[in-house]
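Next, two complexes with chain A in common: one pairs it with chain B, the other with chain C.
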Partner chain A sequence: MHIPDHYEFLNHSKIISGKCALETIPAELGGYDAQKPLVIALKSVVERGLKKKFIKTFSNSMVVLGGIYDEVREYAGISLAQDAAILFKARGCDSIIALGCGPAVDLAKAVNVLVSEKIDNLSAHYEGAAIKGPLKPLIVVTAGRSNGREAANALVVDNRELVSDFLCPDVFIIDPRMTPGSCGESVAESGATAMAQAFAVLTDRGINPMTAAVAHPAMSYLAEYLAKGVKRPKNRQASVALANASVMASAAYSNSRPGMANLLAGELAEATGISAGRFERIILPSVIAAMLKKKAWIEDDLYLAAAGIDGYAATPAGERTQRGLEVSLNIVGGLKKVLPVSLSEMKVQKHFLEKAAKAAAAKSGKRFTEAECASVLAQAWDAAGKVK
Partner chain B sequence: MREVIGSNNRILEIDLSTKKFTVSEINKKDRNMYLGGKGMGLKLLYDRMEPGVDPLGEDNMIAFTMGVFMGSGAPCSGRFEAVTKSPLTGIMTCSSCGGPFGMALKTTGWDAMIIRGKASAPVYLAIDSKGVQFKPAKGIWGKDMNQAEAALLKEGAGALVIGQAGENLVRIANIRSGHRFVGRGGMGAVLGSKNVKGIVAKGGEIKIVPAKKEKFKKIVRRFNKYINNNPVTSGTYRSFGTNSATIACNTTGTIPVRNFTGGSHGEVHKISGETMAERFKTKWDTCKPCTIMCGHKGTIAGEERHIPEYETVHLLGSNLEIFDPVAVSDFNELCSKYGMDTISLGGILGWAMEATEKGLIKTSLKFGSTEGVADMIRDIALCRGIGKDLAQGSRLAAKKYGGEDFAMHVKGLELPGYEPRGAVGHGLGYATANRGGCHLSSYVISIEILFNMANPFTPKWKHYMVKFMENLFAAINSLHICQFTAYAVMFEPFLVKVSPFPLLKVLMGNMAPLAMNLMDVSLFPETWHAILGKHYIPYLGMLKFIKAGERVHVLERYMNTREGISKKDDTLPLRLLTEGRKCDAKEHTVPLEKMLKKYYKSRGYDENGIPKKRLLRRLGIKIQ
Partner chain C sequence: MNINKYPEIVPGRKFLKEFYVGIMLWVVGRALQVAAKVDKEVKAELAKLPNNFTLRMMVAPEKAFPLFFYAKLLPSFVTDIGLLPYGIQMFLHKDKEGNIKYIGADPKGKKADLSVIFTSIEAAWLVLSFQESTATAYMHGRFVVEGDLPHSLTFVRALDIVEVFLLPKIISGLAVKRYPKWSEMSLMRKFWKRIVIYIRAFTIG
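The block that comes next holds the complex of A and B.
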């Protein structure tokens, strides 16, 4: 196996997945000498009745829930973080549980910085001040739509990113009672994000043994369970597998470089206000089509992860790159029934494409040219890279 | 002077890139279906412009369209419409203006003007009945609106100009004509992006004559009688301007305070229309012709100034917790010099003050303080420092710095001066307005608060009220006549006048469709008919008139859906949907979801807010 000259990998999150995972929270908190967490919950998770299930699991424990802040919607802003921080202090809490993915985790990280550093806002950190010392224990109970940032050492509040190794959550709880999706669309969006992240890691020339090791099972889970999860969002087995895939892909991706699909989707999401997951689903096939056309070299790991050892072994070495891309294309193709397949279908204004291509190329560190990005977007516009 | 019966129907199409122009005609079918003004502007761009163009690019077009009423002598008819794709919202925007340019263009012989392309160097356009001359704008580029307009008026009867804000592509830049503005959506930036500093129309080359002179005279008399009898159009508006609504809105908790965190304030009387009238010795200064006379001027700080309108007073006043009328007037003057929309500017400053308070940006702005506000207005107009980011509008500024949850806009257009938690139907109107956060699209607050005819806190029948008013106002803006005439026309006819008020209120609250459809607005189509005459066009009845309004509204919606607008955009800032207010005895938020569902159904949209094919076919809109 290829040994990189240099690589780094950070992930200190513990993952507890499977039956009764929720019941381990008191013990985990105990390990951090904490027993009064503030719960920061997604409104959509509460509306689905998951808060009640969550609270019920603490009935026989010594843990006292200090408060439940359940006003978190799609947007994580400093106002909400400040409100939650006030609640944290007023109730004498000593730890934080994020109930739900996406903005709930971003907000929980922000509240953690505010209460741990005893500050009112994040302006000093936006200007470059480092986050000092370890923060309060942070446990994430995965539920709802993922934005692919949960396991990362970063938070995004008010669309501004803060990066610090202290921001990685301490524990991820993946419990089958909490993971089932609300609808196929939501599962597909999370899946598309995880897929784009895992694909970016496994096709990056800077891939290292650790990112590959973490992205590999993520891709395998996606290959096996994404279509099933989208078809049956309530299927517990599939939802647990996909939640695992999301956490793993997020962890691997936060140690890797963004791919073209991630960069372009990010730019378009910023311009239109539509979630990046939808764009990733549309753009990834065009990126793959471009790679197939270009006969780009990538590690065999992609095919091994996506097709499994049997398929991998049965394929001649020279064909594995291409087959890996084809299998990836098919995985994304499984989402076409629930998510749009072209940018024109999403009514993205054409003049955004040029700006997105330019910005993505600039952010790629010369890995992709503006013309390459523009060509991919042009394909994604009319779904020329559409899967069968 | 040549006499024209009814309307010219001539369109002047100008291509700045090639410096050429063409002349085309408004066909009878389009005139019948889209009337003129707003409707015609939208239809002309729908036929000519691809979706997805860059609003500040060469491919965007801007249309200035006159209505049939313009030049006929109909009361309050001195208004014209501008239509383009907005750089602020990225969707269609229409704006009505009462400045003298409309009359000048119409009496030059043009019913509409479309500008496309981009001039290679700054120019101004001089229009006469033969066409257009492209003249270098060297001497006026970089000048403020006062100077630029004074220079252009030497060549014609009416002019449109942009200020430095338009030249700098500030997305809230407006266009001025006289003391009136094509205000919302950043149309000034569109002209700026095309290197057009101004447009001057010669005027006085033709005279519009109504086809049925005697009938027209009778109708005008009736129109004026209605306007003069109505307590709003002849009373409060005439005496104190639009700002006469301040006290009523403060009492009912519907003024914006501190970036829309509150709905009333103890000091608001200091900036009310009544106080300003007394303090500044106001007199009329209106669009022409006008019977309502809501525009006023007065002596402020030793000079004669236009008195700020209601929206300006509240966005640059109460929304910033500033209750000094002189300061508000100073800010208003700066806006009219540099050329910026006061509503959007107030929304942006409110966001900036709150973002400063929350540590997202660093400015000297502070709620309740005038310090730094004037400097920030200049910085925004001239794109200096953080003003460059604020010049992009509150939506884009919040995207960059955060604070999207308190950026008070809908679809990118900042909210006007009414707090919808005190009038939930008006909130639905904001969410569904085609151009974004707009009070004029349906103005249901007039039913909920100003005329006190419906409970402002209940969602009951509000979807219908919004739909009806949207259709009516779209039709009125296509005629084109001042929207305020609707109050006189709706409430002064005999049946409504003699009905006991409690009965009207019960009817409106419980059977809104019946109550609204019983309102006789036939005076509008009758005037249209008297101007154009039967020989030209089939009789436009009241139902056809309302249907034309529906067609205009739905066409605009359809054009916006081609730009990506759907249910996700028909929403309100989070604050209005989730936070209660201290000024309310019982916490209120806007129950938008409930109303929106019914609204879509009654409109004939699908559950995602897209007009169904059946609806488009019924209205005769060609599906593209």
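The block that comes next holds the complex of A and C.
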């Protein structure tokens, strides 16, 4: 395996996955000397009736919930964070639980910064001020649609990103009572995000042993369970596997350089307000097609993770790179029934593409040129029918 | 912002599970006391524990599980005999002479040398309703052990034998790591000890 000259890896979070994982929250809070958390929940999670199940798990625990702030929908804004911070202070809370993925986690991180740093807004931090020290304990209960930032050391509020190692959640709870998706579309979007992240990590030239170790099971779970999870969103085994894949891919990706699909999808999502997962689904096949055409060199790990040891061992060493890309293309191709397959289908305005290509190339640190990004987007524009 | 829209929530209790766990801990404690008297294998296993040794099984957090209401009405010398289930704890004491005795559920005035602590009532329920074996439950982090680990293993081995005595194979097979073969424990011994342990556990101890 390739040995990098230098690498850094940070994964602060503890992952508790499996039956009755929710019941461990009081003990985990106890470890941080906390017993009154504020719960920041996704509205969609509450509407699905998971709130009741969640509260029930705290029975006989001496933990009092300071309140369940369930105003988070598709977007995390600073006004919501300020409201939740007021609630946090008024109730004398000492920790935060994010019930749900995506914006709920972003908001929980923002509230955590506000209450721990005793500030009213994040403008100082956006301008470069560092977070001074460890924040309050933050526990994430995975449920709903993931945006791939849950395990990362970053938050996005009002489309502005703040990065600090203190932002990593302390504990992830993956419980089969919470993970089943509401619909195949939501599972597919989360899966596409995790797939794009795991793919970016495993195909990055700067891959290191730790990111590879974390991204490997994420890719394996996606290869095995993504199609099943999309077909049957309520399937517990598949939903737990996909939630694990999301968390692992997110943790590995936050320690890796962004891939082209992630950068382009992020730019388009910011410009259009549509979730990045949909764009990742569309752009990733085009990126893979470009890599296949270019015969780009990548580590064998991708094929090993996606096809398993049997497929890997049965393939000659020289073909593993290409087969890895082909298998990845098949995994993403499996989502075509539930998510759009081309940018034209999504009616994205064409002028966004140029801007996205330019911005992605600038953010890539000279790894991709604007022309390469534009070519991928052009292919993604009318990719319908070309994807396996 | 109206904070009253988001009320403080004090989670409830799972009384049925509490009661079940309380009963089971009492039965296990009483059965171990009797088994140590009537079965050589259990006696030999528990002989490995040092004298003047107290073992405690409980569910965390301790404050959430006070003694049952009637236990508070009785003096401690009565509750320490352990004739009834008195709470969600179990104390087992090995005295200077090496006799094993169940000493109730009241932690007052007792210093545990080894504590087996279930992390939640749900964890205790999973183990004591035989949905998970002791070994699997430990692997899943359902309980933690405070004290000497070899002593806890001694206790688990004794507990496994007692479970084989007390429960039908279909249930105890789920609870123990490996169900003993016919050559290791004869049917005669198993059924005879089952009767003796049940009768003595619920009567003279």
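The definition used in the following text is that the second predicted complex is superposed on the first by the 385 of 388 C-alpha atoms of A that agree within 3 Å, B and C clash if a C-alpha of one lies under 4 Å from a C-alpha of the other, contacts with A are read in each partner's own complex, and residues count from 1 in each chain.
Here, a residue touches a chain if its C-beta (ideal position, glycine included) is under 8 Å from a C-beta of that chain, and two chains touch if they have at least 3 such contacts.
Note that this is a predicted model, so its numbers are computed, not measured.
Engineer: Looking at the overlay on chain A, is there a clash between chain B and chain C, or do the two fit?
Structural biologist: Fit: chain B and chain C sit side by side once superposed on chain A.
Engineer: Which partner does A:A90 contact after superposing on A: first (chain B), second (chain C), both, neither?
Structural biologist: Only chain C is touched by A:A90; chain B is not.
Engineer: What is the contact status of A:K118 with respect to chain B (first) and chain C (second): first, second, both, or neither?
Structural biologist: neither
Engineer: Of the two partner chains, chain B (first) and chain C (second), which one does A:L65 touch, if any: first, second, both, or neither?
Structural biologist: The answer is second: A:L65 touches chain C but not chain B.
Engineer: In the superposed arrangement, does A:N159 touch chain B (first), chain C (second), both or neither?
Structural biologist: First partner only, chain B.
Engineer: Taking CA centres after the superposition, what's the angle at chain A between the directions to chain B and chain C, given in steps of 10 degrees?
Structural biologist: Superposed on A, the angle at chain A reads 130 degrees.
Engineer: A:E270 in the overlay: touching chain B, chain C, both, or neither? Say first, second, both or neither.
Structural biologist: first
Engineer: So in the superposed three-chain picture, is A:I78 touching just chain B, just chain C, both, or none of them (first/second/both/neither)?
Structural biologist: first
Engineer: Could you say whether A:Q349 touches chain B, chain C, both of them, or neither, answering first, second, both or neither?
Structural biologist: So A:Q349 only meets chain B here.
Engineer: Between chain B and chain C, what is the shortest CA distance in the superposition, whole Å?
Structural biologist: Superposed on chain A, the two chains' closest C-alpha atoms are separated by 10 Å.
Engineer: Would you please give the residues of chain A that touch chain B in one complex and also touch chain C in the other complex?
Structural biologist: Common interface on chain A, chain B vs chain C: nothing in common.
Engineer: List the residues on chain C that touch chain A in their complex, please.
Structural biologist: Contact set of chain C toward chain A: 1, 3, 6-14, 18, 59-61, 63-65, 119-123, 126, 140-142.
Engineer: Under the touch definition given earlier, write down the residues of chain A that touch chain C in their complex.
Structural biologist: The contact residues of chain A facing chain C are 16, 18-20, 23-24, 26-27, 30, 55-70, 83, 86-87, 90-91.
Engineer: What residues on chain A touch chain B, complex-wise?
Structural biologist: 71, 73, 75, 77-80, 82, 120-123, 157-160, 270, 272-274, 346-351
Engineer: Per the contact definition, I'd like the list of chain B residues that touch chain A in the complex.
Structural biologist: By the definition above, chain B touches chain A via 51-54, 57, 90, 358-360, 362, 398-406, 561-566, 568, 574, 578.
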